[in-house]
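Have a look at the structure below before the remarks.
A, B, C, D, E and F are the chain letters, set down in written order, and residue numbers restart from 1 in every chain.
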Amino acid sequence: MKYTVMINEGPYQHQSADTALQFVRAALAKGHEIYRVFFYHDGVNNGTCLSVPPSDDRQIQKEWSELAKEHELDLVICIAAAQRRGIMDESEAKRQGMDAHNIADGFRISGLGQLIEGGIQADRTIVFGD
Amino acid sequence: MKYTVMINEGPYQHQSADTALQFVRAALAKGHEIYRVFFYHDGVNNGTCLSVPPSDDRQIQKEWSELAKEHELDLVICIAAAQRRGIMDESEAKRQGMDAHNIADGFRISGLGQLIEGGIQADRTIVFGD
Amino acid sequence: MAMLHIVNKSPFERVAFESCLGHASEGDSILMIEDATVGAVDGTVFSDLLKAAMADKAVYVLGGDLAARGMSEDRIIDGIKVVDYAGFVDLTADNEKTQSWL
Amino acid sequence: MAMLHIVNKSPFERVAFESCLGHASEGDSILMIEDATVGAVDGTVFSDLLKAAMADKAVYVLGGDLAARGMSEDRIIDGIKVVDYAGFVDLTADNEKTQSWL
Amino acid sequence: MAIKKFMYVNRKAPYGTVYALESLEVVLIAAAFDQDVSLAFLDDGVYQIAKGQDTTGIGQKNFSATYRALGDYDINKIFVEQESLDARGMTADDLMPLVYEDEDDDWAEKPSISIVSRTEMAAIMAKQDVTFSF
Amino acid sequence: MAIKKFMYVNRKAPYGTVYALESLEVVLIAAAFDQDVSLAFLDDGVYQIAKGQDTTGIGQKNFSATYRALGDYDINKIFVEQESLDARGMTADDLMPLVYEDEDDDWAEKPSISIVSRTEMAAIMAKQDVTFSF
């Protein structure tokens, strides 16, 4: 079965960011396909590379990056939501004249159309939020 | 009157970040002293310099930086909460071996003791959150 | 030693406002801000509870938040006072302490 | 065309769970995750409402979330099935569509 | 590929959180995809389409006018729950008059909003393929 | 400077949001400041000190043992609301046995938790100088 997953909350503040990660892992373990993971609202904060949680805590952002690498996941961060919240890739940083960017490995920034297209293509669309 | 203000939510997702800013402005306009503004939980995300909201929208992070400059505000971001969420100043970035930092002008990163000390020193402590 | 209780949650959505009413003491003040402002409107499933609390507590609503949600001041319960951010600040100064109901 | 309703809010804190029950159709399934799992416990102010919904809907609870909040499985309402994340995935596959109550 | 039924479920008040605004941004994009789009407003979501919204006092942009533009994007299936209005002391008169021009009826202007009971809303929800909640 | 009364009000369940954990982190720091510290657990906050918490299934750290350490930090005024327990089908037996050693009574071990009515909780809240809510 082909899934699109939408994540609306950032890491640590709301468990929905954890649950989504666990759900995606479990779906992959069962042989399902994750067509796309779309990060919206504060969910875009899952894609920062500057997070350094305590070493005995889970590393949500890194786990997404690793999972993406292992399973070639398409992790899409909404550009409009990301701009409001300060998540930026290298090309956007250049365009904005910023000297830093903070997007983690395995994530890409794109538009809301990717969410709708994901909903059209997938057999199931699941929303995780607050 | 001397105030300490605590902000527990990030910009844009929850209005409490806006309300806190408006409250601090109004208190300053009335001649009160803002002893400290302490950013905790997702509130630390108010201190990113990478935010680029639409030009017709409010610029919450920049407004804090400007207000801090104008009134010499002490804007303190909790270090533990910031590390989880990926808000980092230059020295912490160096210490962590990161090549980027994203703290906005006028904010400093420090410990939770600053919140308690703020509560002790101020005549009033006001919490803004979700 | 009066306390200002600050509520920012809709009474139709969360239990915070009701919990606030259950814990505010006689002579305390209650200020509705953000989504809580819709609780000031009369004729809702919540208004009787708020009116009962007004017997021995002062109730305020932040006007800008009420207007943003399309609710005009002539709809609110008689006796609720409308304040702006400056009035919000005054309430925190006039009461000895505050408690936020998040 | 059965639907899986996913609820993650405590029924004691927010109206989302009650709203879910009011909108789920006969033959639908309801899965409690995160803070909603405390709603599975029997003998609460919410349990009668949930039992009534179980007359024509299947109800599930995510076991890991229930345990995290200190509630053991022997306290939950008879007939609620405990699942893990794999079971969560199965429920989304077995139902034609899902709706999250946020 | 067959057209899918997409529903956008709005249950939260505007301005207190960003969900209303960013939900609307999704809906506007969705209009370009030629799918079957419905919007549901229930619980505190009914405040999103309340008329007379005035944000001058809070420093946020008033985005309520955008709902009026939905008809131009062929988004005209807007369901509002009666019970949610009742609980909040509101009636249909408190909502913005959202309309669209019906191309099958000589572009006559028609209301986009249907006030439905909770039971009817449940039946509408049951018919969707993809449900986005905010 | 006079000692102030600080109260930490906990109204949310643990793990579903970070508030419980990060509130506890504040309380541990607060212990170093020689102020008068009280903790209130009401509404869903009572789950924070429920016994038997087991987080192995959700990948989060179980921080409930830290509450047991509060007594060692001289934090022993912990108020739990009876009505909140009742509504959730819980009793005092469902809570972790939080204790402290009373230095004024030959270090006798005493319970830190007081179960109070809503009316009593209101009276306790009214006596605080600074109230932190999470």
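By definition in this document, a contact is a pair of C-beta atoms (placed from the backbone, for glycine too) under 8 Å apart; a residue touches a chain by one contact, two chains touch by 3 or more.
Note that the structure is predicted; figures quoted are calculated from it, not measured.
When chain centres are defined as mean Cα coordinates, F lies farthest from chain E. In this structure, the chain pairs C-E and A-E differ in their number of contacting C-beta pairs, and the larger number is found at C-E. For chain B, the chain whose average C-alpha position is most distant is D. Per-chain CA centroids place chain B at a distance of 38 Å from chain D.
In this assembly, the C-alpha centroid of chain E lies 43 Å from the C-alpha centroid of chain F.
Chain centres here are Cα means. That of chain C falls 33 Å from that of chain D.
One finds 27 Å separating the Cα centroids of chain C and chain F. Shown for chain E are the residues in touch with two or more other chains, namely 15-18, 43, 58, 60, 130-131, 133-134. Across the assembly, chain B contributes 8, 12-13, 15, 22, 41, 57, 80, 125, 127, 129-130 as residues in contact with two or more other chains. Shown for chain D are the residues in touch with two or more other chains, namely 8, 12-13, 15, 34-35, 65, 84, 97-98, 100, 102. Inter-chain contacts occur between A-B, A-D, A-E, A-F, B-C, B-E, B-F, C-D, C-E, C-F, D-E, D-F. Contacts from chain B toward chain A in the complex involve residues 10-13, 41-42, 45, 48-54, 57, 61, 80, 83-88, 93, 96, 98, 100-102. Looking at the complex, you find that chain F touches chain B at residues 1, 4, 6, 18-19, 22, 25-26, 29-30, 32-33, 35, 130-134.
By the touch criterion given at the top, residues 6, 8, 40-41, 80-81, 111-113, 115-117, 119-120, 125, 127, 129 of chain A touch chain E in their complex. Against chain E, in their complex, chain B makes its touches with residues 12-15, 18, 22, 56-58, 130.
By the touch criterion given at the top, residues 1, 3, 15-16, 19, 22-25, 28, 97-102 of chain C touch chain F in their complex.
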